[in-house]
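Here come two complexes built around chain A, the first alongside chain B, the second alongside chain C.
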Partner chain A sequence: MVDFTQALGAGTLVGLVYALLGLSIVIIYRASEAFNFAIGEFLVIGSFLFYIFFFDLRIPLLVALPLGLLAAGLVGALVERFAIKPLLGRSPLSMTIITLGLGFFLRGCVQLIFGSHSYSFFLELPDITQEFGDLLFLSDPIWAGILSLSTFGLILFLLFRTRWGLAIRATSENQAKAMAFGIDARFILLIVWAISSACIAVAGIMISNFGALSSMSSIVGLRAIPVVLIGGMDSIVGALVGGIIVGVCESLAGAYIEPMGLVGFKEVAPYLLLLIVLLIRPYGLFGQIRIERV
Partner chain B sequence: MKQRAFFVLVCVLSLFLLFSGPLSAKEIKTLSQFPMSGPVGSLPEFGWGFIDGMNWVNNEGGGVNGKKIKWFLEDFRYDPTVEVATFNKYCAEHTPDEFLMATGYITGGLKPLIDKVNKEEKIPWLDGSYSTEIFGDDGGPSKYPYYYSLGATYGAQLKILLKWIKENDKGKGNPKVALVYSPTAWGRDGIPEAKAYAKKKGIDIVAEIEYPYSATSATSECMEIRKAKAQYVIYHGYSGASGCTAIFFKTAKQVLKDVQLTGTHYTTGRMPILVCQDAYDGYVGVATRPFVDAVPRAKTPMDNPMVKMAHEFAKKNRSSEYQKGIQEKDAIKDMFLYMEGLTYALMLQKVLTDADKAGDLSREGVKKALDKMVWDFNGMFGGKKFSYKSHTIPMLQIFKAKVNMVDVEGKKVPTGAVVPITDWINVDEVKW
Partner chain C sequence: MLGIENLRVVYHDVISVLNGISLTLNEKEILIIIGANGAGKTTLLRSVAGMIDFYDGSIVDGDIKMNGASIKGLDATDIMKRFGLTYVIEDRPVFWYLTIEENLGAASFSRWDKQVKADIEGIYSLFPVLEKLRHRKAGYASGGEQQMLAIGMALMTRPKILLLDEPSLGLAPLITEELFSTIEGLNQSGITIVLVEQNAHAALDIGTRGYVMETGRIVLDGSSRELLENEDVREFYLGSGKRERKSYKDAKRYKRRKRWL
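Moving on, here comes the complex of A and B:
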């Protein structure tokens, strides 16, 4: 029981970070029906921008964090302006494919500017490690869970309790109708990309704080794929649940299945689960079922 | 008629003079390939060390008994297919009597070239691979006669660590060891040999964990090790600079407080001090080279002649890159890489010179020179000499990391080094 609780807790904490990655995919998908495959590169860029403010310029954390997120948001907005906006009105598939190419381009830029080596990443947040007998929850994952959940809450507040959020939701529902009501749908899309980039940056900073930051950290972005496909591509609740499911699934596989000799199973477990979910619910657990006229 | 005969004679003589020189002056050609750029890692230091080394060899170093080496350097970008293709290209472009040696860096390149190098071309190949499969008991000179490694195999490294654990364990009963390795050919290399040796020596392998490069957490791995009551962890098959290593060491510092972390060559060095910081303190690791780059660099001990030579070369030839900060572009981040490039250059000179002295400057002559070589590698191993009979440089030393965090302008930065805790060990002479 102790092992199970440990795996469940540790998996949930990491899962909350995955959920934030999932959310960043979902909000872009809802606004433009495009899948952002460059998520890993956004994660690395956002983390490096924060790194510059906090570690290089030595700005205090409480100032460096918003500055880093703002800069990450600006990168997202720039990408939207130059790579996504020209494709407006075309098939969402075009945008999705553009994000694939964008990923390669951004990866090259990161390696050119920051190199391929690792950067040490110690935020030195107050130690809130929790230990109850054999149960141990480390400080960094707890902070990651708290910050991810807070960011998730903030985004929900923005979407459901502000006029901007209303405009974003209206654009997500129907771009043409939103424009008819005087909403600048193009600007909304820019805002969505900026918010999404900032969310990814928060996740990136938390993940880097577990270990180190390098251009190779972009691989973590791939975790968002099972998260949104399990939860549902267009569901915010699905992103949260999907993130936790993926985190817990990895953790349980690591605790129970790998010791049985199936080493490396932890890596594939979320994808196996994804297959099962898709067989039963092709649109994910919380995804909207689409009925299209053929 | 006389004029015509004279004209023909002059033409023939001119042609003879024109071509006789180059025909008789056979060139000495070598090919070296390093992973200097690419998505996996940007390690230009390899190439810089090699270039500076070869320039020295051909000038102040005296070449090969006065003859210059025509050396080729290629960046294979950590891609074995590039390494293989480049070698094939050079084989096609250069004749075997001139193209005498090749060097590579990874096992992934060695495997597809087994037949090409050892059966078709029969060209001596020096490699940075420590593969047990290629250079261990099941491979080695009898199976791959033209392959030579510049370091002891991972199998030997793991066994030396286990031997150290057995000899230094102060607990009651058998020492309990957890093996943590990457799910790659590199990570799995040497593990069967280590397990068999542990069994023979009375060491219990209580956990065996494949910990992936893409890990975002090491909590479940560390909890499993804690649950198994391991006293030692052997961490193998990772770069000391990778994010997953930092995650593992940071987590282990909190979860495995009483467990001794140990590891193989690539996690014993400068980069883990910088990336893992104080979580690396106390780590015990085995390495095939002397420690070459303390943090800060100025505190590197210079009592090893090879280390001293590498620093002097870098200061002289790459002063800007040598002085740059670790995070700056084009900095020499780890002198180990620079020294490694330099060691390749010195090894090429040594073996080609030996072959030339023996009067057989051919591929077979170079092979014979390598097989007969007894050398101290410019004092790299504390003056100890090694022979190439196992086709590996069989020298290993065990180090312990000492890391301190110091305050610099209000920011905590790591300082430290890995210091030797044993003498150099020749694994070919160890009674296992």
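Moving on, here comes the complex of A and C:
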């Protein structure tokens, strides 16, 4: 029972980071109906930008973090301007394909600039390790959970309580209608990509903090795929629930199935679960029921 | 105030939709544009509103002038901000997944003044039914309610010129009548209106002047009264020409002969 609770708790904390990755996919999907396959590269680039500010330039954390996120957002905006905007009005599929190619391009850039070796990455956050009897939750995952959850909350606040959020939601529904009512849909798309990119960077920094940062960290970004597919591609709640499900599933598989000799099952388990969910609910658990009128 | 000169618009570089349209819009009038499907009415409005490039079309010739200055190539948001021109696109341009109140809020995005709240209340007093539904998603509202919302949203942008693209589409005759009297009311409050309609009779009844479009050209223009009494318009758009029954073949040949090409 202790093992189970431990795995559940640890899985939830990591799951919150995955949820943030899922959210960044969902907001782009809702705005341009494209899936951002370059998420892994965004994650690495965001982490490296923060790395430069914090570790290379030795700027204090509270300044380096916003700077890093701002820079990550800028990268997202640049990518949107040069790779996505020219495709506006075309099929979302072509945008999705573009993000695939973009991923390879960005990975090449990262390897060219930073090489492919690992960088040690350790944020000296205050130690908040929690012990309850036999349960032990390490400080880093707790920080990761807290920061991811608060970023998630911040984005929700932005989307549902501010005028810019309203404009983003309107544009996400229909660009032509938004433009007709004076919302600059193209600029909104730029903002969405910037926000998404900054979210991915937060997740990336948290994940790098678990171990080290290298150009291969991009693999983690793909964890967003089961997250959004389980939760539903267009659902924000789905991203949160999906993220936690994936985190817990991974952690339970690591605690119970891997010791049986199936090494590496941890990586596969979320995809297995994904298959089962999709068989039962093809739109994901929280995929939006379309309002259709004939 | 608005002048269109010899406008030619092409979609995807090959499909020519407007073949030299010229028209003028005077201040404070209701200008009616009628024409069959595919005549280019919607394209005309898109061009004026600066949204043609969004639909992969481009203006290859001619000019659109606002008070004498060309607005060709300006962004939709620019045109709205500078000239108070709002384009209500076809088929109930409301955001289905936002509530009615959020819809009105979204439509006022381009404004930064403090009057927005008061204006929303103003819309509710103009269309009381919207107030009852304010927290309901617009997608669940009825067609008539959606069209009222669309007009309410357009008003939130504080327009001076309102381009309405077939607002009566899919509405019951009674609702259409109500809608048109609302449009007339808006016009009396000082908004210039361009109304594109298939419902020619109802539209010409409230209109000041009208143009008839066919295959990308303007084939007829005049005051609403003149158009209502014009024999060709009566036959093709009002369905009240000569009463004798014709075979389909006859009608087709006759129509071909009658085309103003």
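Simple rule for what comes next: the second predicted complex is superposed on the first by the 288 of 294 C-alpha atoms of A that agree within 3 Å, B and C clash if a C-alpha of one lies under 4 Å from a C-alpha of the other, contacts with A are read in each partner's own complex, and residues count from 1 in each chain.
One rule holds for everything that comes next: contacts are C-beta pairs under 8 Å (C-beta built on N, C-alpha and C of every residue); 3 or more make two chains touch, one makes a residue touch a chain.
Predicted, not measured: the structure shown is a model, and the values here were computed from it.
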_Is A:L87 touching anything from chain B or chain C once the two structures are fitted on A? First, second, both or neither._
neither
_Of chain C and chain B, partner touching more chain A residues_ = B
*Once the structures are superposed on A, label A:G182 by its partner contacts, choosing first (chain B), second (chain C), both or neither.*
second
*Considering only the touch criterion stated at the top, classify A:L156 as touching first (chain B), second (chain C), both, or neither.*
neither
*What is the contact status of A:L67 with respect to chain B (first) and chain C (second): first, second, both, or neither?*
neither
*Now for A:F122: first (chain B), second (chain C), both, or neither, which partner does it touch?*
first
*Should A:I59 be classified as contacting the first partner (chain B), the second (chain C), both, or neither?*
neither
*Which holds for A:I219: it touches chain B only (first), chain C only (second), both, or neither?*
first
_Residues of chain A that lie at the interface with chain B and also at the interface with chain C_ = none
*How about chain B: which of its residues touch chain A in the complex?*
38-42, 183, 207-210, 212-214, 216-217, 219-221, 223-224, 227, 241-248, 250-251, 254-255, 271, 274-277, 327, 329, 333, 409-412, 414
_Looking at the complex, which residues from chain A come into contact with chain B?_
3, 6-7, 10, 14, 17, 56, 58, 107, 111, 113, 115-122, 124, 129, 136, 138-141, 207-208, 210-217, 219-220, 222-223, 251, 254-255, 258-259, 263-264, 266-267
*In the complex, chain A residues that touch chain C*: 88-89, 163, 166-167, 169-170, 173-184, 288, 291, 293
_Touching residues on chain C, where the partner in the complex is chain A_ = 49, 51, 54-56, 75-77, 80-81, 86-89, 93-98, 102-103, 105-107, 109-110, 137, 139-140, 153-154, 156-157
